[in-house]
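Which chain is which? They are A, B, C, D and E, in the order written, and residues in each are numbered from 1.
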Amino acid sequence: MQGVNHFFSVIFQNRRSTAGLIILVFFKLMASVGPMVFTLDTTVDYENRYQMPSASHWLGTDFAGRDTWVQVVYGSKEVLTIGALTALFTLMIGAALGMFSGLVGGKPDTAIMMVTNLFLTIPAFPILLMMASIFSIRDPISFAAVLSIWGWPGLTRAVRSQIITLKERDFIVICRVMGMSNLHIIFKELLPNVTSYLAINFILIMRGAIVGSIGIMMMGLAPYSPMNWGQMLVLAVQQTGGIFNPNGYIYVLSPIVALASFQLGCIFFANGLDEALNPRLSR
Amino acid sequence: MQAANLVEIRDLSIQFPMKRGVVQAVQNVSLDIPRGKITALVGESGSGKSTLASALLRMVSSPGVIAGGSIKFDGTELLKLKKRELREYRWSQTAMVFQAAQNALNPVVRIGEQFIETYVAHKKERKEKILDKVKHLLDYVRLDPNRVLNAYPHELSGGMKQRVMIAFSLLLDPKLIILDEPTTALDVITQEYIFNILMQIHKDLGITMLLLSHDIAIVAKAADQVGVMYAGNLVEVGETCDMFAAPKHPYTSGLIKAAPSLLTEAAEPIAGSPPNMLNTPAGCKFHPRCKHAMEMCGREQPPLLSLDNQTLVACHLHSAGHGTEGGAYDIAAKVRAY
Amino acid sequence: MTSLLKLEHISMCFDGKKSLLGERKEVQALSDVNLEIKPGEIVALVGESGCGKTTLGKVITGLHRPSKGRMYFEGKDISGMNASELKRYRSSVQLVQQDSYAALNPARTIYHSLSAPILHHNKVKGSKAAKAKVRELLETVGLAPADLYLDKYPHQLSGGQRQRVLLARAISLEPKIIVADEPVSMVDVSMRLSILNLMAELNRNMGIAFVYITHDLATAKYIAQSGKMAVVYLGRIVEFGKVKELLSEPKHPYLQALLTAVPVPDPVVAKRLKVLPLRSFEMPNVEDPPHGCGFHPRCPYANVRCETHLPALDDYAGVSVACHHVKDVPVWSLNS
Amino acid sequence: MNKSFVLRQLAASLLTVFLAMILTFVLLRLTPGSAIDAWARGYAAQYNVTLEKAYEQVALMINYNPKEPIYEQFITYVSGLLKGNLGYSMVSQSVSVNEIIASALPWTLFVSSIALFISFTIGIFLGVQMAWRRKSLLEPIVSVYSILTNAVPDFIFAILLLIVFSYGLGWFPINGAYDPFLDVGFNLDFIVSVFYYAALPILTFVIAMIGDWALSMKGSAVSVIGEDYVEAARARGLPDSVIMKKYVRKNAIIPLVTQMAMALGGMLGGAILVENLFQYPGMGYYMGNAVGQRDYTVMQGILLFIAVTMVFANLIADLIYSKLDPRIKTGG
Amino acid sequence: ACSDSASKSSVNSNTAQTKDGITSDRPAVNKDKMFRMTGTWPKPPLYQGNLYAAGGVGIPFHYIYEGLFQNVRSTDKVYNILAESYEHKGNQTVIKLRQNAKWNDGKPFTSKDVWAFYTLNHGVEVTHYVKSIEYPDDYTVIFNWFDKSPSDEVKIKMIGQDMVASIPYHIYKAFVDRDAALLAKAKPHNDPNKKTPYGLDLTQIAEEVGKVWQDFMKSNPKFPITTGPFMVKKVTNSDLLMEKNPYYWNLENIHFDKFAMKDPGPDPAAGFALLRSGKIDYMEHTPPKDILDSILAANEDLVHYKTFDPACVGMIFNTTKAPFNNVEFRKALIYALDREKLRDVGNIYGEVPKTALTGMAPSETKKWVTDDVKSKLTDYSYNPEKAAEILNKLGWSKGTDGKWRDPQGKLPEFIIAVNSSWVIGVNPGQVAAEQLTKFGIPTKLLAVDGSIFYKKAEQGEYQMAMDFTDTTWGTMFPWSPLRNQYWGLLARMAGFQKDKNGALDLKIPGPDGQVLDMEKELQNMPYLKTEKELQEISSKIAWITNENAYGVDFFQNVTGFWANKKTVKGWPMEDQIEASDRNMMLGTTPEDRQETADLIPGFGNHMAFNQGRLSPR
């Protein structure tokens, strides 16, 4: 409890991280509560396409006369889900391998690092495209799985080097002197020291995954899901001529702005998170 | 006729505004550094020694600010120097041997070049001429110039780097050299060796030195005059021998007694722990740890007063109304065992 | 009384920097070290930086497996111990490190750091008992009232307080011996003595033997007044004996040089210019140590024999010294 | 430079390349419903041959016979690779992957090295300025800029640049690598046209990368500025310009060298969408087409090629690194 | 040379354009006599000069290759191209070739080349109906049909499908001769229903024939050797340059010296930008209305033409999957779709039919369905009440949550699958899924990658699959769309039963109650001689298709093209351009439609050029 209070007090001390938190909470609410507040009416209303913002259409309407704001709201859910799942998968693989590799050392470490380096040398984006066509993407889970397949190596390397420095630290050495078990060392001593790092990475991977998912949509390798910012962007930019219609600019910009502000929130929050979760910095 | 004091610090205050409050790293400190002498500042870690010294170069690290006071260096007011004057002043007037000398050299530039670029920043000179001078200086600190000049810093041992730094400090024939714990990271033999060199330099060149240390034994060895700092305050200033013979401030005597020595068996720690600099006690900063603390110590901060011509002390035991109570504690001269 | 811990011909060799194709340089951190520690004894290990003190400490605590030699704990060879004996050895030999900040997990509270080992070793059962025990430990090391410290993070304590926490942790498993590796070199001057006093107290009251590692001879003298002292040079013990005798009458030229270099907090004595009885101030390269006596390149008394023959650690006037010239080396005194 | 260090690095690099071979090989074999089966079936239908025959023909094109045991397949594949044969396009079967890479690589190298150089130079400059003047407006501006450029995929910039400068103002060509009406060769008109046509792609990459470089450099420079030697340099009265150049920049740039190698590799393979928008005949363009057409051999060949490039770029980065940083003198 | 207005002079130099939109005596705008358009092609190093090699030669195809005849899609007109004349003599068709036709390398085009084409590329449809093809002299080709032969009209249209001048004998002699020798070894199988080349049993030689074909494919000149009006000169990623073929048999009609093609890439905006800036003279694409208007507004020289695409965007039900195996259920779904809205997001110019699916494009039913049957075709216009009524009758019930449950009380969840890269399909598909969901039948659109979609759709993986429906590409007679529906991909999507011989096993009562064997009727169609016979059978099939609701047309597609009237003249209906505000209506008269269709490369290849219709201004 005290920890939670402390956490928020640190977050709120920093203007950036406060802004970040507010933005993220806003999007989280958008994704969870939004669909209950706004009703999605997908009925085509061609006559009223590309309308400018008004009281009834906060962000105007799209190429088929549907409310853009509501689409952004409904889209946030899928975007956030994909991002969060990707981050989760990546973290699970990346952190587990990194910790194992760093702690065990020796041959397993060499082998894991070899594979990690290998993955790092083969560019991610083409592989993403390849994966997207190998495993047909159907839902946010498979989307996230594909996005995380090539996402873990960087994290593994970073976690490993963290663990290696931690491992030599005196407080871990003492654990060995005192005959503590490896499990204790991993979960009670090491993990708390990398949580802040992992939490920041969670946010950052999430944000990378969202950009990646848009690339995949752009190449037409992901399922059509108009309530996804990425797909909205693809539709607006490539398929419906939003960029040729001055009235369509709001429609084109909506997903971009939503994306950019979400990422802004991620980065700002990550800045503060480091301080909040890291007792050393919070003097 | 030159003034006897090279540096006169008056009422200097330096603050570090932090998120959780302001650190008063140096508080109303007044200190004279006599020309041609070695003045030492002792005090625990965090007592403000380095901060005070950095003010002499006008290099208080951010977010620190000099909140008030004045520093007269050889008659010039340092705090009023313009940017350009300041740059010229640094190193040519006051040089410094840093606390972490290990890291005071640019790791990717050869040492010789660092000497040259520093020289050139201040005076026009031919490269060969400069090199001659540098070689001379390196010789002086008993290093092999040919090897050192072409070396990168990491190729030298800690003791060697420290000696390079000493040579460096002499490069522009400054009037004052600040030695900020020049041997903390080194072991005893190297420490002794380096102090021998420093003393030699002092003897040969008569340069004024300001030595910062928390090791009372080092101070005893090197300094002519000692200032004792506690929590940003200067609590006592006096001649070295006088001070060791008869420390006036309870903290000073505590420090002297707390130093284990090969000479004596007895030693006694100072109770309590150093103050939190963000939240220092009211009144005399030392009173929570002081055996002789009185009611007024928690209320009023004692001023630094002159006891006689030589010694200054900031302690209510010695301020006017309480002078008689000095007998309450016995810091009479110790009988040496030898 | 049998020895608590006995080291026989211990050598420790580290691989130098790796190079796949090039030759592998080795660092001989310890060579043929013999040392005996009796229950409740204080042994100070002194020597220059890099001479192998920490390595020896780590060998004793079982963190390094020596490359040669045997180590006996209560008469039993460590390498031949079964699991329960090993467990006993492990909890009987504890370590206190130099950097109290690094030695505590920054992400966990003092209570967590202290309770984990005792719970793990079943010294207490349940969190209630653990809390009581931790309180007791904290109070033993002078951190009273304990409740003030339980929920603090390491960075919220001062250096001296943290060092006390380390000692509390070290004694929590009721050890027989504590290796204290420069426990006060990073503690503020004003508080060094109190930590040393605490250690002496633990030694006296609980009968815990201490191996006190330092390069500060003055503190070594302070804590090991009645104990013993081993002077380590380039991985070897070059002089060993009672602290008092060693300090009043150092035999080995190296110890003499060390003592000369120690500054004394007395301006009258200190200001006399001392001449170090040394030919060179630089330590030899550990990767390529000199032949014969490791000290010969720096020793003012060295001769050809020193360059070729390694002196053995022999008894001489009640202390053990490893020097060919014990008899010829002039008597040293602080004033010389 | 230590010889054994270089050799060791080289050995590690070769091992990675070998693993990359295995990985791309495995990836191809993993493709759904076996792309090779599908290919062979299609082949049999199209050319009216038996399935067996089709497999043989397909085997010729992909460098190994999918009917053989895996290790033999791999050996055939690798021996093909050793002869420098990356296989043939599955779509245009008379064209080898080698030919495709040979025609694409120069364009990509041209654009990405210029873009990298420009963005790196500007980024470094901005980064040092940001670190040096902590309170200036530059910091927040560049940070927000960098966040935005990271948030928006780079092809969006390409589209925007096209809309403004090409479609709108008409200052730059719509796409292509050079004026088709000019003779290809070493003549001034042609060279000018090559630069003219590359301007927007380069600008796209520069816009997308500057922020990152600036931020990386800022991070690195801030930690350098916190180092004692910078403080010491100031104490020595060195002018700011010297400190910034010789102390801050020289030290802060070192960790970025490896990033640079990675960035180059990333651009070789990652510029799919951008190169496609500009119809720029680089690696990403062919990669994108191969992905679109499921031309697995081409994808595999290009991936392998990029992996090899990356490995050696890293190797070179390591060597440069140890040149720049005298502290890294590895080896016994 | 055929410029009709060059001589007209205008005194008023301010009036740059005369009433009919043609410039006067000002210097030529298009000095280079260049025609510029957008297109795609395999990018070097993948570009090569063999039409049959994988990847082909791209859009330039339409301007460089020729056949004996040219069929025009949508209007069904046939032009003589390399054939000067033809004559049906019993079971023979004798074709006289133009004597002045040459390959672009200067070699004459002869009957041997025609023979070579049908020998090497013996898989084309015509060969299934002929015993042999002879070339008695250099300029005569004789097709010897089997005894039971298609109608004369069909014969010519079948030959018209083939780009005969694409395998120059002088280049591919070795392969042609090898193949001819192999074919000579094969024995006839004497079964007229088995459609094989020249009635031969090829199983014995299949392997060797395959080898020849494969070797042929790998033998590529750098650029195609063709007889068409233009020839490829230079290829880069973004540009392809062609020049007038100096050997062209009808050279005086070709008014352009150069022909430049630009690939705008994946961003449609690039193409539009080229148009606006006047950098191209022609582009095929009908963008959404807003884009169209903005482009027209941006460049006054542009004109947009439209024409009906004889195909619909629609979807097919998988009749093997419950509940789609129930025709009433299928009907209910169709009634629940508001197809006007689907059209709005798909292609605003498209037209929504009242019928569900007739097997042929709605615009064609006018011609091929008799009035009698027309009146019997069920009207499937949007009618949710009717849909609900049907569902209720089927035992479905609508819950309070607004969702329908099947008779077992289960909540259905349906999928409409579509090829994700099919731009005009995806949006209407999504809206269709939303409409069904809103109606109370939860449905999702599954946009599947093209590489997987067709395979899975054929295997009956999806309940509803989208594609072009009622397609009438190739030649226009009703056989083509109908066989598409019952034999082709659409049939497999619908899951029609087949017997063990692979024949369609579908016997259904027609409008008059008489049961039709669909396989037999379709097999017989090409042999029908009169239009009346054709109308009769196609009417019946149209009725059957519509009543059985195998699928639903969302809307009939409209395609169009852009023209630049400043640089090129001769565009269709030039006199109406200003009147219709440069966005031309769908051609109303057959002549207008013909003129427009001829110009679209996908419809009429290079007719616009070799008839001299277009010329530089």
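Observations
Rule of thumb we're sticking to: contacts are C-beta pairs under 8 Å (C-beta built on N, C-alpha and C of every residue); 3 or more make two chains touch, one makes a residue touch a chain.
Going by UniProt, the chains are A, D = ABC transporter permease; B, C = ABC transporter ATP-binding protein.
Nothing here was measured: the structure is a model prediction, and the numbers come from that model.
Counted as hops between touching chains, the shortest connection from chain B to chain E is 2. Interface comparison, A-D versus A-E: the pair with the greater number of contacting C-beta pairs is A-D. Here the CA centre of chain C is 91 Å from the CA centre of chain E. For the pair chain A (ABC transporter permease) and chain C, the distance between C-alpha centroids works out to 50 Å. Per-chain Cα centroids separate chain B from chain D (ABC transporter permease) by 54 Å.
Put simply, the C-alpha centre of chain D (ABC transporter permease) and that of chain E have 41 angstrom between them. Among the residues of chain B, none is in touch with two or more other chains.
Counting partner chains per residue, chain A (ABC transporter permease) has residues 133, 136, 243, 283 touching two or more of them. Under the contact definition stated at the top, not a single residue of chain C touches 2 or more other chains. Per the touch definition, chain C reaches chain B in the complex via residues 48-49, 158-161, 188-194, 196-197, 215-219, 221-222, 225, 247, 257-271, 273-274, 276, 278, 281-282, 334-335. Interface residues of chain B facing chain D (ABC transporter permease) in the complex, by the touch rule stated above, are 57, 59, 61-62, 87-92, 95-96, 98, 100, 103-109, 117-118, 121-122, 152, 154-155, 168. Against chain D (ABC transporter permease), the residues of chain E that register as touching in their complex are 42-46, 48, 53-55, 123, 202, 206-207, 209-211, 213-214, 217-218, 220, 234, 236-241, 260, 262-267, 269-270, 272-274, 276-277, 279, 451-452.
Every residue of chain D (ABC transporter permease) that touches chain B in the complex is listed here, in rising order: 134, 227-229, 231-239, 242, 246-247, 250-251, 254, 324-327. Note for the complex: chain E touches chain A (ABC transporter permease) at residues 266-269, 272, 287-288, 290-291, 294-295, 341-342, 344-345, 348, 418, 420-421, 423, 426-427, 429-431, 434, 438, 445-449, 451-452.
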